[in-house]
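My questions all concern the structure below.
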Amino acid sequence: MQLAKVIGTVVATEKHEALEGIKLLIVQPLTPDGEPTGRPVVTVDGTAMAGPGEIIFMIGGREGALVLEKWFTPVDHGIIGIVDDIYVAVSALPD
Amino acid sequence: MQLAKVIGTVVATEKHEALEGIKLLIVQPLTPDGEPTGRPVVTVDGTAMAGPGEIIFMIGGREGALVLEKWFTPVDHGIIGIVDDIYVAVSALPD
Amino acid sequence: MQLAKVIGTVVATEKHEALEGIKLLIVQPLTPDGEPTGRPVVTVDGTAMAGPGEIIFMIGGREGALVLEKWFTPVDHGIIGIVDDIYVAVSALPD
Amino acid sequence: MQLAKVIGTVVATEKHEALEGIKLLIVQPLTPDGEPTGRPVVTVDGTAMAGPGEIIFMIGGREGALVLEKWFTPVDHGIIGIVDDIYVAVSALPD
Amino acid sequence: MQLAKVIGTVVATEKHEALEGIKLLIVQPLTPDGEPTGRPVVTVDGTAMAGPGEIIFMIGGREGALVLEKWFTPVDHGIIGIVDDIYVAVSALPD
């Protein structure tokens, strides 16, 4: 799973019907010490509690749909938890 | 899911029979603030409404086929929505 | 799907039995304006008509096997069409 | 599979119910000669024995869930072994 | 599929039970002209004949398990052939 920060939302009127009523968040992947890494992605929220500025962790690929009630919804990323704390050996991080 | 802009189309006479009659669009992945990121890909359109210049969001991997009527069509990207607006905390974006 | 150019072939005597009789092509992924992007991959050909120098588009991941008669063949890329023409707004391409 | 080093843990109160009671580790992918490569990811532990500082190998994608008892748990990385030793022709590594 | 060179092995006492008795090889992905590209990965060998120094091609993702007898083994890369020769239009390779 990937750590990321919620940075925005996407509004779309024309979309796949399976996405009706599903909130779409933009998240920026982060390293464990909080630096942005890689490009932002659009994701759905399996916790239903993630808001702007929060650090979350998400799954990618087919598993993304497992966080929704309907597994065949066409999504490829899903938030599965909101991070309270990260404990990491900073010495082990890349420079 | 990935934000992207529709930048073109592909014309192919010789192709897998499951792709007959399916429109193939070239899209350029974008960051939330509209910068190109990564390489363009060829995708199908689950909304049937995406046109050149429009900002869309798409899914990658196996899920791509879920946007079509026939799920076993061999595609790996699919447009699932047309973006009306993006709300993002610009301060949260990478420099 | 990814645009690519057929640049070669792989010859392998020792291989998984499911690959017997299946032609293996090396393709170089391309941007829509024809520049190489990313590393070449080995792929199978669902059109049975792709030859050296041709521009094709292919799928990646599990979908690769859908282009063959036997879906459980262990492949992860498959050519699904030969490109006749690409229409793209050049102004929309990254510099 | 990818070699990596366990560098930390993630604590999350709000999370997908399928993740209740499952330990979440942060790991830094490594090259065979021990250099960090790519970004750290959050993973579950199929060995139930991986601790901080240990070198492990993990799988990515849907296979990640295979290391848990419940295959439909939404995870995309899973530790499948703890490395005792790596034997590698150093001359074969990139500079 | 990806071209790669076998550069080593991984020894692991503690591992997922499905991996008992399965040899784990470290391979370095290569370009068609033999240059290392991307990071080394740990893989299983569906040919049962790949040894150090040999050039092989492998599949990634879920397909990796198809090369083993038990498809639900948690692996994400699998060697499916040993390369005898590569024929490539060198002029078509990136600089």
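Chains here go by letter, A, B, C, D and E, matching the order in which they are written, and residues are numbered from 1 within each.
Keep in mind that, in the parts below, contacts are C-beta pairs under 8 Å (C-beta built on N, C-alpha and C of every residue); 3 or more make two chains touch, one makes a residue touch a chain.
Remember, predicted model here, so these are calculated numbers, not experimental data.
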item	value
Copy-to-copy rotation for chain A and chain E - C-alpha atoms, rounded to a multiple of 5°	145
Whole-Å gap separating chain C and chain E, where each centre is the average of the chain's CA atoms	19
Centre-of-Cα separation between chain C and chain A, whole angstrom	31
Multi-partner residues of chain C (each touching 2 or more other chains)	61-62, 64
Successive chains along the ring, chain B then chain C then the rest	B, C, E, D, A
Footprint of chain C on chain E - complex, ascending	1-3, 29, 31-32, 37-38, 46-47, 49, 57, 59-64, 66-67, 78, 80-89, 92-94
Sites on chain C touched by chain E in the complex	5, 7-16, 18-19, 24, 26, 28, 36, 39-43, 52-53, 61-62, 64-65, 72-77
